[in-house]
């Protein structure tokens, strides 16, 4: 039988961003309507849509060879899996999310210990129980089906909730008193699958191409022509790590410089390149960057 | 302080149908954007949006005086609450839903006992555990975050899942081997609140008007004129329970008949009324029916 | 085997209006997604979605017992079917549509005879051929797949096209020189089916209820109280055909008048009823009117 | 030439609600795409869409015979027009709007006089200037093209702005220090047109039907059967102004009661009617109410 | 008079994809609302929207100089036109479509001959008639206005229908017993127009640019730096046809390689380039490729 | 305190195009919901959404350091501001807009002087008053709240209105008799701010990057390989201003040519490059062009 990699794609809020990332990395995944088994244009891969919350559980048992999920849910499931790479591509921002302990703004709670004997609502029940158990603080942890941040103080005393900027917590008049964990998306693999040479290489290629596509999102190409006399001045403007390619032109007084830059610095760099004697400066988009 | 009833409205799939029902019953609830505390045009009521899954838990503790949720989630939470009335108004159909035990079409499982030692995925973990424990069948029950029906056989052996028509189960090539429970929406009350006279009356009025609005959905008014000579023939056509109102007209050879009918029978009844001598037959819509 | 009526529902532009009409008449038809065999809440009927253009063909062969389609397509197919009733319920207007012969505004064509030897594009090829053959005018009739009105003069000389108001023809700078046919929706039946007593009665009930629902669209109920002294004046205001019901009240100086009116005249009638001494005038909506 | 009433319909935020109101009152107005001259199903009326801000100006000059606009814009234009009736039908609420003087929350301004020498931004420039001139407070009033409430304190010192609930002002951290005017929609007429008998009667009918449609929005019909013995008890439950119609039934122990009620009280009245001995209580919707 | 090319653009399902293709090829076509004569930013071209089904007919008569349509409709119309180039750009896939003969899954028909005497429904009436006539199989071919695949066995015995993957046929429980034709989009020209030198060159440029834009859809640019020592290893990784450009760098130990690749192989090639010693690998998008 | 540039972004029809332009220039501006103070990914800039009509007023007073608005509104406000650069990026076309004097098609007005004593409606009241005052033509200029072009002749005699193609004026049967002004978007600065060195440099960088992003919209990159023998022929095909870069290849018989071209000429240039001996011609998109 041909080699086949069983790959879990996160269903839900991450799904569209994940399919988009795979497309830019070179794999088109078609998730048609209600099917949980999307097709992929690679005969060596078999996809299944699985909730991020359950992904690690099924990668651990080997039902899946590999999958994408957050560090938070790996820990919640306490799963023994191989962490292949971190992938920071979530839509809204490219920062890690945090799971925090939050209490009503006007409560007297200041630290985890103050919650002894209280009720804490969270989606992350097992991790939260272990956290408080390790600190020997007795609390009641209740599973919350959603809208956790509106519950205190009417329905519970405190919550453990995920947040990026804290704005939803503030809007609900909650105050953060502790950060329990930071989390980002991981490509994980089943430990047994990762000892299979073919699967390990396949997963490695996936990792390289996904990272190449992510890198291209924040980088651009820049080309310019430079009189030889100004070349050092121009190269000094470029960031140390950009390793520009300098090539000869038929007109031997000039050289062409081609380089890769973080998009975020381009608006500072171009005016300085021009001041340093560069001309014909052109920025062009990239699809993948593998340094 | 004025009397106030704390009322839980089910968040999620039932929400729009519930707000619509309340509107037809006489209460406008405005659920603006992301707020979980919708306003209501009744100063004696305070609303909160709560997941159906958690409603019974918070009505039991008294955080809410009353709420709407399914029988299934009352049982899952094993909550001790007052069941005031059943309300059958769910959007798609007006039938009860069923929680069933389903297995892969081509598996050998035929009855609950065959699942001894197997893994069952479900959203209704506690109820399912009690069900199998009572039958002394040892199974592993796993919480499922959704898409339960795509899991067998790859991710589990069987599932306990909710269904109306069974079509989603069939589409996933699953076979039902047992019905564990039927469920419909309930208006429930906190037991202590229900001993408070004001609250009990308020809940009773709510119940009467909600039921009046539900009844009006499937009933219509019918008016017709009938020559006195044909009145018995016409009345014989009307269903026994419709108790028509017969009133005198200025033209003393005729009477007017006004009645309430199930909408479902109108298409049969009108042709027969006409055949029996009725004329000027008019059907008109109703907003509430309290018999 | 139980009796069953095979009923064709027009697929396409009339479909939504037809389903809505059936719903108001008492039959709910669920056309889910791409299925051409919608379900209906009447075990005695079996529905199929069929293009209006082909309906008469399949009612004629008996593949369907009955169906709804336009007079135009019955004639185009030259089908031998029973015409049960006309049903004027199309969304935009409630007028008949016309099939007209149209030529470029600035052409010299003035009458059908002027088109001898010319090319005519139309969707209604067979009917158009017969029309010109009967007049002994030799023309070339070409089937048009759509956008017929943009074709003259570049792609053909004249067209036979359907129109309600003529505005699309004018916008394309075309001039009507002849009306070939008027058309409206018909409920048709297979001739053999129509000799079956059960089917004939079933089709008759359908016809009565569909017409009752159509009538209710343009009529309303009106109730008012009238001092006996003013009754004649009030009745004189009401249209001759409205046959109002006059009933006694407990207060014997007053009577109650209840009547059905065309909605279009209400805005004229109410001010005159009030001037004639009516009071407490109330208009209410109707769902069906079977006089 | 036939009589014709030139009627201005407010373009913009009130437009949809206005067309809907006219439809319920008995006039269908078709505002197709970009045309400012919608068609209406009444050959005696000619419509034009005109901004509410400019309506009174053009009714005053006689370019329009009548129109709908707010009291605020009549005063802003200082127009000499006939006010025929108030019409309270705006979508969000049915309350009057207010034009208020608002200042930054944390400013020291407490009353209009404190703004002497300051800059006030508003859409209602002329009215505001007259207001402050009458109080002999010298201010600079600047026309604001929109988003007035975000301007203080960066772009101006205070604003005169319209508000229903004040929530937008609060959200922009503004504090109301004075209410300058309350406003609601008016049907206005040109003074000369209003002396023309035909036009005055036509405008009067419009006014009656528009008010009849508005009244029907908040009222419902209620029918019930009552044993004669309980009639007084039942009638005592009904609000004083509802003037119920009581009619005889063939069964002489019973009477039928039919009445019109404010929808807002139905949820209180029905339980009390039932307690008083009413049965077969039915609520039905109304389209127009002209008492 | 200036030279002008009359060009037919396919109206309907291909339209958006066609306009998008022309835009990428360098021509912006604006199809505003209902007009069938879109504007184009090239004074030498005049566009008309024409149904793919009729395109060949009007190119053959010379009403159009050139146009885009499928091979299937050229054959259905039996048109004598110049086929300039094939263009495979349809949205869903980039494969040819097939017209197949399909019968009910559970019928006994196995080959075309089995349909002698039967009724076949299809949109491709003329081609189908010729096909069966050439095989001397007598069948009745009926024009189908759409939804052809739901007709057997109720409304006909077999169908000739277009399909890409066969999934719609399978969903309707039909079985393919013969492929009659494969089809893809063609740029066609009127034979007389194609002898005009100016028109032939204009059509040739169109063909080159359309093909250049199509090629760019599936290809990407790849740049990398390579130590001279590894150049052969790197070049061996690249597909034979990619003809990479190798250029000198100022640092004479390194060269820059720039090449065009099929996007489909990039995910395989990049890991191997890196293994062969390439670095700074960058993929960039292309707009046109003319080799 | 750190340096900070207060920048006005035009609210309304230009807003989306402006945010898109800034994004391509290197600045991401997030305008969340109803806030008028969008965030920007540059700690040195503070944004405010301001109507184009009011922008110049607030840049003149120094409430803003810089802003984008049309030349028309600078003149309407008669503001004394620094004009930094013109930016032509409006969505529909990239032409200047015109403010014109228009009269009813069938009126006798032929020149501005003919309007002496008449009423002119416009949004540009002050500029229009100055225009007619300078010509000593007495007119009444009325502010128009919108839909200006439907007003003549019913509500006014002539209008001064903005237009790109004149099509809206023609559709309202108006005739242009004079162009009063042409206008395009300007980056403007407060005169005092522009003497501050840091602010002037910051505004200069903004100007360079915005212009670089605009230039890239209409230009593309083109690469091709050329046998040395054909190089002159190839270079002759390229537009004089394109200044191509010619670089050596390892295969010394060939050179690589890389150049920037107006996208509009590519469809003409590529066929001629190919005819001149170029091969492997590739067009690629650009993000910024700073020559």
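By written order: A, B, C, D, E and F. Residues from 1 in each chain.
Here is the rule we use: contacts are C-beta pairs under 8 Å (C-beta built on N, C-alpha and C of every residue); 3 or more make two chains touch, one makes a residue touch a chain.
Being a predicted model, the structure only gives us computed values, none of them experimental.
Peer 1: How short can a chain-to-chain path be from chain B to chain F, counted in steps between touching chains?
Peer 2: Contact-graph shortest path, chain B to chain F, evaluates to 2.
Peer 1: Starting at chain A, find the fewest moves between touching chains needed to arrive at chain F.
Peer 2: Contact-graph shortest path, chain A to chain F, evaluates to 1.
Peer 1: Check every other chain and keep only those touching both chain B and chain D; list them.
Peer 2: C
Peer 1: So which chain is the furthest away from chain A, centre to centre on CA atoms?
Peer 2: In terms of C-alpha centroids, the chain at the greatest distance from chain A is C.
Peer 1: Tell me which chain's centre, taken as the mean of its C-alpha atoms, is farthest from chain B.
Peer 2: Most distant chain from chain B: F.
Peer 1: Distance from the CA centroid of chain A to that of chain C, rounded to the nearest Å?
Peer 2: 59
Peer 1: Let me have the rounded angstrom distance from the C-alpha centre of chain B over to the C-alpha centre of chain E, please.
Peer 2: Chain centroid spacing, chain B to chain E, equals 53 Å.
Peer 1: Please work out the Cα centroid separation of chain A and chain E, and write it as a whole number of Å.
Peer 2: Distance between chain centres: 38 Å.
Peer 1: Of all residues in chain A, which are in touch with two or more distinct other chains?
Peer 2: 247-248, 284-285
Peer 1: For this structure, enumerate the chain pairs that meet the touch criterion.
Peer 2: A-B, A-E, A-F, B-C, B-D, C-D, C-E, D-F, E-F
Peer 1: Flag every residue of chain D that touches chain F in the complex, lowest number first.
Peer 2: Residue positions touching the partner: 11, 36-37, 48-51, 53-54, 58, 63, 144-147, 150, 154-155.
Peer 1: Across the complex, what residues on chain D touch chain C?
Peer 2: 25-27, 41, 204-205, 208-209, 212, 216, 221, 243, 245-248, 255, 258, 260, 284-291
Peer 1: Which residues of chain A touch chain F in the complex?
Peer 2: Where chain A meets chain F, its residues are 220, 223, 225, 247-251, 256, 263-264, 266-268, 270-271, 274, 279-285.
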